[in-house]
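There are two complexes below, and they share chain A, which is joined by chain B in the first and by chain C in the second.
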Partner chain A sequence: MLKNLIEKYKDLPDNLVQDIEKIVKEQKLSSEDIKKVFKKVMEEYEVSKIVPGEAIGVVTAESFGEPGTQMILRVFHFAGVAEMSLTLGLSRLIEIFDARKIPSTPKTEVYLKKKFSSDIKTIRKIAAMIKETSLNDVVREFSTNLTLFRVEIILDPVGMRDLNVTKKQVIDSLEREDFNVKETKDFIYVRHNDEDAKFVDLFRLKEKLKKVLIKGVKGITQVLPVKMGGEFIIMCAGSNLKDIAKIEGVDEKRIVTNNLFLIAETFGIEAARNMIIKESLDVIKNEGLNIDIRHIMFLADVMTSGGVIKGITRSGITSEKESVLARACFETPIKHLIKASVTGEVDNLNSVIENILLNQNVPVGTGLPDLVAKMVGEEEARMSKKRKEKKVKKGKKKK
Partner chain B sequence: MAEVFINDVFVGHVNNPEKFVSDIRNGRRIGDISLMVNVSYLEELDEIHISADKGRLRRPLIIVTDGIPRLTKEYIDNLIKGEIKWSNLVKDGIVDYLDALEEDDALIALDEEHLTKEHTHMELSPISILGFTTSLIPYSNFGSSSRLIRGSKIQKQSLGLYSTNYFLRMDTDVSILHYPQTPIVRSCMHDIFGLKEHPAGQNVVIAIMSYGGYNMQDAIILNKGSVQRGFARSTYFKPYRNEELRYSGGLVDEICIPDKEVKGYKSEKDYRHLEKDGIIYPGAPVASDDVLIGKTSPPRFLGELEEFSVTASTRRESSTTVDHGTEGVVDMVVLTESDEGNKLVQVRIRDQRIPEIGDKFASRHGQKGVIGMIIPEENIPFTASGIRPDIIFSPHSIPSRMTVSHMLEILAGKVGALAGRTVDGTTFDVEPEIKLREELLNLGFKDDGTETMYSPLTGKMLKARIFIGNMYYLKLKYMVTNKLHARASGRIQLLTRQPIEGRGKGGGLRLGEMEKDCFVAHGASLLLKERFDSDRTIIHICEKCGMLAIHNSLKGKDYCPKCGSNVEVTPIEISYAFKLLLDELKSLCVYPKLVLESKYNISGGVKEEELTESGEVNEEGVSEEEPKEENGDVEAVDVEEISSGDSAGSEENEE
Partner chain C sequence: MADNGESNIQNHMLVPKHIKLSEEQAAIILKKYNVSKKQLPKIKQKDPALTGLDAVHGDIIEIIRNTPTVGKSSYYRVVV
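Coming up: the complex of A and B.
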C-alpha cells in the first residue's frame, strides 16, 4: 500500500517521503488517510515550487542586498572566544561571496577523540603540539658575528620551558632544514653554507633562521582550549587541516575551518558548499537578520557548481555569462568589448540585462512566454515578398 | 625648573611653577595683567604655557576660593538692580575667562551643590553645557539626547523674522512668517539671545489623538479655521539679477524689451509685464517662464550668422525669466551698478505661502512632520469649553522617541495660556511638573492635562480623554510648492536622447538601477520596457551588412550606403542609447553587426536550424574589422553565414 503510494508520488523529495513514512507509522493511519496525506503533501509541494519565469537571481540578490544595508553600520564587530578575534558582519559575508583565497581571520576548530577530551592536561598538551613554534619564539638573542662569520643564537630557557622545547629539538630541526649548526656551552651558532657568502647573505640567513619551524603545525599562530557543548575543543587561529589531522588524539572527522578553499581541497566541493551555507548563515544569524536559507543555498550552488569555488565577482561567476553585453554591463566593459571584437563573438540576447540595454522585453515573468499567430493566407503573403508591409498580430496559438 | 613658553615660544625657566602660575592669575584678576592672557602649567611636561595670541575660544566661569564662589548675594542683588554690569564682575576678579588649555588646569563645578574645597571654578549656569539652539528647547533635561540634537537642527530651519530689514535685502530662498509669536514656555536663553525680537514660531493648541488616520506616521492634521485665520502663513522671497556685460570688441549687452528679430525671441506674452526700459514693474503678477528683465546680447561668434540670416540683427535673447515652478508678485526692483561698473538690475519676487498638505512643521523637541490633512473647523473635535485644537498630533510619535519634554511643554503651555503668563522651561531649572499640575487643577482643569472631547460629526463624547494643551510650533522652510515636480514630456539630452535631469529644468524622474531590479523581480517585463521607452528609436538595418541603412519615407525607398539598394532593409525599434553604443564601437574600428531574425517565423516554412534559434527579437554579432582595407566586409560576411539563416521573412516586432 505505502510502497504503491511512494511509487505514485515519486516526484516528492526523499526526505519528505521519509517524514511521511515515519509519521504514518507512528500515528497508525488508515490507508484512506495515508492517501489523503500524500495527496495534500503533493498539493502543497506543487504550490511551493518556483514558477517558471520567476527571477530567482534578482530576488536572491535583493534578499541579501536589503538586509546588507543594515549590516553596513555594524561592520567592525569582534566576537569569539577570549583573546581571539573573528571577522564578522558584512565584511565576512563579502569575503565568503567574493571567494577570497584566505579569510582575514582564519580559524580552525579541532575536536578531540573521546579518550583525549576529558583531561585538561592532555588537551593542553595537544594544543601545544598544534601551535606553531618558530625559532624566534625560543630565542633570547640573534647576533651576527662578523669576525667569525656566523650567526650566534642564545636560547631563552624560560620560553623553552613554557613551550616544552629542548635544546636538542632546536638543533635537530635546524639540521633538518640543512643548516650548518654547531653547539657551544652558552649558545649555538650557524655558519653560512656558501663559503663565498657576503655580509648581506649572513643577515639574510639570520632572518631565515627566525622563521624555522621547531614544532607544531605550520600556520597555526594561536591555540585556545575551550569548553563547547560539554566537551573541550581547541580553537586555533590559522588553518591547516591536513597537518592537524595527523596529530594524535585529534578527531580527524570533526575538524572545522572557515577557510573555504582548504575545505574544498581537503574534503571536496560538496563540503565547501555546505560550509558556504553554514558560514553565511552564521553571519546573518549573528546580525539578528533573517534571510531564507534557500537563497543562501542557491548562492552556494551557483558558486560551487563548476567543481571549484567561484566568487560572485567579475573574475568569478560573472565571467561565465554567455552574453558579451551582459558581461560588459557589469564591470570592465572595455576589456569585454575588445575581447569580443577580436574573437567575433555573437550575442544571442537571451538574458535580462542585454534586453534592457536594447529596450526589448526581458525574458522573465510576463516576458517569458511568446505568442505566435498563424495568419490566414500567410503563405501567399510570404511568397509575394512584400514582407515589410506584413503586420504580425498577437494570436491564439501558443508557441 | 619649569620651562616657560609665551605664545609657544620658549623664554626661560621658573623655579616655583605653581606659585608663578597663580601669581599671573591673581595679577590678571586684580587687573595688573591683561584679561586676555591665559596661563597653564602642564605638570607631566613641566612646562608653563602663557598664551596671549588670537584665535583662542574662551568662556566665562565664576571663580571659587576654598569652596565658596566669589559671586556673592550682594553682587547678584546689585546686578538685578542694575547698579553694576557684567564688566564689573570681570574687573573685580569674580569671573574668569578660560581658554581650552587653562580649562585643563581648572576643576569646574556644575553648580553650588557640587562645590568642594578643591574646585577652582563654577559654571555660571548648568545650561552652559548646551549650545545655542539646544539651550532654547524647554524642559530639555526631560528629553532624550538624540531628540535634542534633532530639535536643535530643526530650530535652525524654522521660519520667523530672521531680520528686521528683510524688505531691503536681496537674500536668496528666504521666508518671513506672518504674525510670529514668542513662546509661552521658554528657557531663559530665549530672552538672553534676543529672540523676542526675532521670534520663529507660533503658539498653537495641540491635541494628541488620532483622527481619521490622516496623522499616521509623522503627519499632522491642521485645523482649516486656524489656517484661514493666518496660522503659519509666510511670504517667500526669491531674487533674480541680470547684468549688462561688456565683451571684447566694444560689444555690450542691452537691457530692453527684445526685438522680434532677436535670436531666441520667446513670445509677446512672455514680455507683457516689461516696461519701456525692459524691466518689470513692482506689483506684476508673474508665473513660470515670464520675463523679469529683458536683455539682448551680441552674437557668440562674430560674423557666423550674418551669412545666413536675411535681417541685420544677429543679437541673441538673454533675458532673466521666472524659474520653473515658481510664481508670485514682483516685490521690489533695484537698479544699481555692479563691481565692474555695469548696469545691474535686481528683481525680487514675493509669494504668499498658505499652509497646504505636505508643508513641514515641527515642535522644538525633534518631532517633525508634514501636514497630512487640513480639516474644516466644524469637523474638528472640541472640548467641553468649546476649544478646537489647531493641530492634531499622532500619539504614536511619543513612546519610542521618549520626548517627555514634548509632553511637558504641552502641559506647561496649557498652564501658561490659562493663567496668562509665561512658563520657565530653562534646562535644569524648570518649573516642576507637580507645581504645573497644581496650578492647572486650581484653574479648573484636570491636572494631567486631559480633557473630555466631543466628536464634531455625531456630537457624542469621545470615549477617551484627550491630552490637549498649548505648545510652540515651528513652520519649517521646506514647503511642497518648492518641491512639487512632475513631467509628461519635455527636454531631452542631445547625446543620449534621454530626458534631462533636475526639477529646475523640468527634467524626468529617473527609474534607477534598483527600481529596475524591482520590476525584473516582479516579472513585469512589459512594464519595464515601457518605463525605459523614453529614448526609443526606429532605425533601419541592412540585412546584408548588419549596419544602418537609409530609409527614404517620401519615395518609400530603402538603400544601404555600402551594399546599395538591392538589399533587404528592416526597421527595428531599439533604445537610442544602444544605437549610440554601436556608433561608439564603430568609431573604435569595431564592426558591430546586427543580425535580424523574425520572432514569428516558426509558422512559415523555415529551415530546421532556424527553428532551434528562434525566439529572439534579433541577434547581434560583433566581429573585428580590418580598418586598412576598403572591402573589409569579407570577415563580416563569414559571421553572417554562421549566425543567420536565409533572408526569410525578417520582420521586426513593433508593439
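Coming up: the complex of A and C.
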C-alpha cells in the first residue's frame, strides 16, 4: 500500500517521503488516511515550488546583499583557537565567490582514523610529522668558505631537540636531494656538484640549502590539534592534500582544505561545489546571520556549471553571457562594446538587462510567456476570411 | 593513501556518487527536462571523480547528491 503510493508520488523529494513514512508508522494511520496525507503533501509541494519565470538570481543577490552589510569588514583575526589566523567575514565570502586561486589563509583540516584520534600523544606525533621543517629551522649558522669552496652548516642542537630531528636525518635528507654532503665533528659541509662552479653558484647553493625539506609536508607552516565535535582534528595552515593523505593515521576520506581549486583538482567539480557551499555557510553562520541554503546552493551550481570553478566576476560567469549589452552592463562597458562592434556580434535581446536598456518587455515573470493561439477547422476558415475582408476594406479606403 | 588512488577519491565525503548513463537512459532524461546536451551543466573528462567510469565526450553523468533540503536528488552533467 505504502509502496504503491510512494511509486505514485515519486516526484516528491526524498526527505518528505521519509517524513511521511515515519508519521505513518508512529500514528498507525489507515490506508485511507495515508492516501489523504500523500495528496495533501503533494499539493503543498506543488504550491511551494518556484514559479516559472521567477527571477531567482535577483532574489539570491538580495538575500546575500542585506546580511552582507552587517558582516565584519577586513578582519584578519584569530578565530576561536589561538595561534591560527583565518580570514573571515565579508572578505572571505568575496574570496569564495570571486573564485580566487589561492585563499589568503590556506587551511587544511585533517581528521584522524578512529584508532589514532583518542590519544593526545599520538595526535601530537602525527601533527609533528605533518609540519614542514626545512633545514633553515634547525641550523644556527650557514657560512660560505671561499678558500675551501664549500658551504658550512652549523646545526642548532636546541632547535633540533624541539623539532625532534637528528643529525643523521639532516644528512640523509640532504643526500636524497643529491647534495655533495660531508660530515665533520662540529659541522657538516656541502660542496658544489659542478667542479667549475663560480662564487655566485656557491651563494645560490646556500640559498637552495635553506629550503631543503627535512621532514613533514611541504607548504604546511603551522599545525594545531583542536577538539571539534568530540574528536581531535589537526588544523594545518597551508594546503597540501595529497601528501598529508599519505601519512599513516590520517583519514583520507575526510581531509578537506579551504583551497577550492585544489579540491576541484583532487576530488572533482562536484566536491568543489560541496566545498563552496560548506565554506560560505560556515562564514555566514559564524557571523550569526541566516541566509537560506538554497541561495548558496544555487550560487555554487552556477559557479561550477562549466566543469571548472568560475567566479562571479567579469572574467568568470559574466563573460559567458550571450548578449553583448548584458556583458557591457556589468563592468568595463567600452571594452565589450568596441570588441563586439569590431567582430560584428549580434545581440538577439533574449534576456533581461538588454530589454531594460531598450525599454522593452522584460522576459521575467509575467513578461516571459507569449500568447500563442492556434485556430483549427471552421474557426480557422472564418478567421482567415475576416482577415481578407479587412484587407480589402483597407485597400478600398486608401483608394 | 592506499594503493588504488581511484577508489579513495570516490569514497571521500565531499564526492557524491557519479553514474554513467546508457544511451537510452540519457535520451529519457533529455526528453524529461526538454533540453539538449549542450544546455546541461558540464563536467570535464579528466575530472578525478570520473576515474574508472571511462566516460567519453557527450556522455551524461548522473550525480546523486545528498542535499540538506530534499535528501537524495539527481543532477546531470554532460562530459566535455
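FYI, the second predicted complex is superposed on the first by the 355 of 399 C-alpha atoms of A that agree within 3 Å, B and C clash if a C-alpha of one lies under 4 Å from a C-alpha of the other, contacts with A are read in each partner's own complex, and residues count from 1 in each chain.
The rule is simple: a contact is a pair of C-beta atoms (placed from the backbone, for glycine too) under 8 Å apart; a residue touches a chain by one contact, two chains touch by 3 or more.
What you are looking at is a predicted structure, and each value in this text was computed from that prediction instead of being measured.
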If touched residues of chain A are counted for chain B and for chain C, the larger one: B
Which of chain B and chain C A:Val256 touches, first, second, both or neither: second
Which of chain B and chain C A:Leu337 touches, first, second, both or neither: first
Chain B versus chain C as contact partner of A:Glu345, first or second or both or neither: first
In the complex, chain A residues that touch chain C: 13-16, 18, 242, 245-246, 252-256, 263, 265-271, 274-275, 293-294, 297, 301, 304-308
Residue ranges of chain B touching chain A (in the complex, touch as defined): 516-518, 520-526, 528-529, 532-533, 535-536, 570-571, 573-575, 577-578, 581, 585, 590-591, 595, 599-600, 602-605, 613, 615-624, 635, 639, 642-643, 648-651, 653
Residues of chain A defined as touching chain B within the complex: 53-55, 58-59, 61-62, 324-325, 337, 340-342, 344-350, 352, 355-368, 370, 372-375, 378-379, 382, 387-388, 390, 392, 397, 399
Residues on chain C engaged by chain A in the complex (per definition of touch): 1, 8-9, 11-16, 18, 41-44, 47-50, 63, 65, 67-73, 77, 80
